[in-house]
Amino acid sequence: FLDLYGKKVVVAWPDEYVLNITDPSIEISVKPKKPYQLVSNEWKKDPTKVKVKDVEIGDNKVIVAAGPCAVEDEEQVITVAKAVKRAGASILRGGAYKPRTSPYSFQGLGEKGLQILKRASEETGLPVVSEIMDTRDTEIFKKYVDMMQIGARNAQNFDLLKEVGKAGLPVLLKRGMANTVEEWLLTAEYILLEGNGNVVLCERGIRTFEKATRFTIDIGGMVAAKLQTHLPICADPSHPAGKRELVHSLALAAVAAGADMLLIEVHPHPEKALSDSEQQLTPESFEVLMNRIKALANAIGRTA
Amino acid sequence: FLDLYGKKVVVAWPDEYVLNITDPSIEISVKPKKPYQLVSNEWKKDPTKVKVKDVEIGDNKVIVAAGPCAVEDEEQVITVAKAVKRAGASILRGGAYKPRTSPYSFQGLGEKGLQILKRASEETGLPVVSEIMDTRDTEIFKKYVDMMQIGARNAQNFDLLKEVGKAGLPVLLKRGMANTVEEWLLTAEYILLEGNGNVVLCERGIRTFEKATRFTIDIGGMVAAKLQTHLPICADPSHPAGKRELVHSLALAAVAAGADMLLIEVHPHPEKALSDSEQQLTPESFEVLMNRIKALANAIGRTA
Amino acid sequence: FLDLYGKKVVVAWPDEYVLNITDPSIEISVKPKKPYQLVSNEWKKDPTKVKVKDVEIGDNKVIVAAGPCAVEDEEQVITVAKAVKRAGASILRGGAYKPRTSPYSFQGLGEKGLQILKRASEETGLPVVSEIMDTRDTEIFKKYVDMMQIGARNAQNFDLLKEVGKAGLPVLLKRGMANTVEEWLLTAEYILLEGNGNVVLCERGIRTFEKATRFTIDIGGMVAAKLQTHLPICADPSHPAGKRELVHSLALAAVAAGADMLLIEVHPHPEKALSDSEQQLTPESFEVLMNRIKALANAIGRTA
Amino acid sequence: FLDLYGKKVVVAWPDEYVLNITDPSIEISVKPKKPYQLVSNEWKKDPTKVKVKDVEIGDNKVIVAAGPCAVEDEEQVITVAKAVKRAGASILRGGAYKPRTSPYSFQGLGEKGLQILKRASEETGLPVVSEIMDTRDTEIFKKYVDMMQIGARNAQNFDLLKEVGKAGLPVLLKRGMANTVEEWLLTAEYILLEGNGNVVLCERGIRTFEKATRFTIDIGGMVAAKLQTHLPICADPSHPAGKRELVHSLALAAVAAGADMLLIEVHPHPEKALSDSEQQLTPESFEVLMNRIKALANAIGRTA
């Protein structure tokens, strides 16, 4: 029995003995012809709003989460947290456990990084989202963060999806860089099947032949997903851009296409950053971007 | 000697005898370390405005070209031409020579199709853009159209690029579906090297693994191109969408990211269209879209 | 009425008036549910052998075409032609009209290049294959070459496909770098529909995210094509390799997977080549490769 | 201090205090300009042979691992194990923990599956390789299997790579479906940095636009990797094929290109398989394939 969106749900195959369930308070969700069910907006027609503390993702306001790629030290994080809050961000992002392509790259501060994020959250009131990489870490994350992020490289780490589903915190679920929209929706289905319906889908760029950008932001795939699911959609313009100069345009394009949330990397001194130094915005540039996002949101009947 | 943007230009290798040219009215453009030169905004810093009759592409106004995928008959074209003009389009698009994947699909009306476009142009005052596929057809096109389009499948048909360069009419140059941004810019360089600087670059979606959309509109690649060239940029949201429901969002995303022009398929009865019936908008839907584009353009300091 | 493989064929839609044709010598080929028909091995079950002068492609012997990427001068071509013949090649390849990504790269010698190929052919007895790029050039090619090649960048230049179909010479049809197997087969269908059945399909690598090789040789796609068509299949290991060191392994893999023909770039002094200098083999390396191909062909019941 | 290939190794940055190490038995491996070091054949010039019980991978003999996609029951596994052994396979493969795209697909028998594999191993003498998905499972795997497999979807699950590195068993490391050759080598570097040098790299197909096959087997990428590393290379022809009819050709191509090992799915009744039913070979077809592999291996100076 799943307890999902205030309902009791049984996901069943047509040939199972669910027909004997006579309790009218239980909804029987027969496994569909489509490969996914619980994430589908045919099953749940009203858009889901995901609450991260008192921030609501999926409502009229476009929510912006901002902060450094990696937590480096307390001063860095608190400086950025205050700056992005002032500019209009609603959530603080920061990586403590870092999935790095090379074992010789900075691997993150681990639990110490989460503690720094927690302190920055207390100081600013911003809830915190951070990436979890290991099934063994859910308890640690529950102590420090308000939303768990699944990164692109673990998007099909199915055991991690299940553990994060059980942990119950809201989830920011990135699309794997080679996952189709259907596969992406199915990774969310894994989480919902554990009874955790607070999932935000995050487009962060796919792998293509093009090398002028780090990844190819798939605005079309993001829109296609939105047409099929009740879950809110986030876009990360920083990783596909790879270069600072592109971030504003990609962020604005995502909002224009209907994104409910943005995830943006901001660093007090990008050129000194221990990771992603090419693509992080300065606080000043972020403030300019926020103003552009607000103007655009207004023009399409939303706020930011 | 190229006559380009009002200057006399010689493109030369450093080791050539261009040093003997002493005429101060001639600009010597030494072949650069970058693979392209004439399209680069390092060489020509001011953005180029391409004039198609009295429509200016690359100025503050976002120009919209709209019309059917394929010219089917005169009534169809004139009906659509009037409707898209009323809604705010500035250019009429329509295919007379159609590059179809299958030899069994409708191949277009050929010259008769161009004549119909010409008549619709005369009736509405809208200039016409249409795709040319064969090096032997430039004279025919010069009789009927105001702008020649190079399609994605002929993007690296270098003999066609040269002929279109010589023909002198403004060119709408689509990006090949597997071309990098650098390769795309080099296809424009072929045209400029013939002395024709009136080129608009058009992003129309690249081939990726994703099948939820027909092609993957590469908003990032479009922005990356814009950062490197003085030529105006167009986006075609219809072909990457593949489905009507996605067209509005992709069009808005492209404008938000900085597109100077949009190319949109509109058909009076899309469900009866002889090609691309899934992705063409009705005139009513196009009018709604134009209003959304205008509101968005205003929010980012442009008009439409 | 097509005259194809010794039969008279009418390709028709089921609803057309072909039912009135009572001449028993005419085969009526009703347009199929599959997107292609004439290239399908459901329609023509026996494998097609394509004759280029007295060389038969599609028979038990694996045919190797070798020669320089670009024709540079007569000595270069004749030196290579003799060397590759001695090593066991059956066809001479060489580019006279070159589809170059950059307009600043060597564009080929044009008709003069074809004349050089013709002389090398006369000297060695090897038939010649060379790439045609422009619909206006079929008559010139018919004077000098024995097989016309359609390159990857013109794979969906449909007017060129039709002209080459009409010209009647055997065709080496490369797969476009972003074409699916189905689209590739349809480009051949265009040629067969002009009554020219002498088409060899050539896999030359597709565009993917991988940059360790120039293109990704799609051995799987080549095999998938072979399972669906009666036409012979060629593989070009030189272009996907991009680097000399990879060419042997890719050539052997293609033969092991069932290729009927190989197309290999050989240059007397690769390091001085005007194009593709990284991937051309020396005559010595080519001879070693031919010996490896012969041993492998024997092991799988073929010759080379 | 790593203990790797019989040496004591320190991986260091040039600016670290490794210069004070004067013990001549310790090799100081300064972090290189290339992104990887320990996997490079510049650092270790002799090819590594990975021992799985008494089977040696990377020697002259092409090693074949075969067995069902998923362990379903004891009879199934033992039947297949005996059949593949008889035909010439040296290792038994089988999935107990299954990374399935959909949560509604068969997820594998878990530890019970490993027990069945262990029994089949005891009965036939074949060592066993099976996929591990969760960092918490290394102790269980050490009880039952002889080689741990990292699947494509966990190829950049860096915590899992580290745990498997620590566990010490030989590793079959699949390439992520969107990983470049360089990224693939770096995932192996993660394992070697834990002191575990027994890694076999496995190409299993990458994600591309082509849908005629399930994935695109990247023979070129496999060869490019082999040119850069001392580690043995395996190819999995079953997953990229997606269809039984293609498996033979892809297996032969991989051997011809230099693969040291093959991983092939075989099921007693493929049509009834709980997963991958389209691509598993029957025991009879596998026996035919083994004979073809042996003939081919002989022709290129190897055995199988």
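Note that the chains are named A, B, C and D in the order they appear, and that numbering of residues resets to 1 at the start of each chain.
Keep in mind that, in the parts below, a contact is a pair of C-beta atoms (placed from the backbone, for glycine too) under 8 Å apart; a residue touches a chain by one contact, two chains touch by 3 or more.
The structure presented is a predicted model; accordingly, all values stated were derived computationally and were not measured.
Chain centres here are means of the Cα atoms, and by that rule the chain farthest away from chain C is A.
In terms of C-beta pairs in contact, the better-connected of the chain pairs B-D and B-C is B-C.
Chain C and chain D have Cα centroids separated by 36 Å. Annotation: 48 Å between the Cα-based centres of chain B and chain D.
Separating the centre of chain B from that of chain C, both taken as means of CA atoms, is a distance of 33 Å. Residue positions 178, 207-209, 211 of chain A are each in touch with at least two other chains. Of all residues in chain D, only 11, 31, 35-36, 99-104, 133-136, 153-154, 156-160, 176-178, 183, 186, 189-190, 193, 207 touch chain A in the complex they form. For chain B in complex with chain A, the touching residues are 178, 180-182, 205-206, 208-213, 215-221, 223-225, 227, 240-241, 245-246, 249-250, 252-258, 292, 295-296, 298-300.
The touching residues of chain A, when paired with chain C in their complex, are 207-209, 211.
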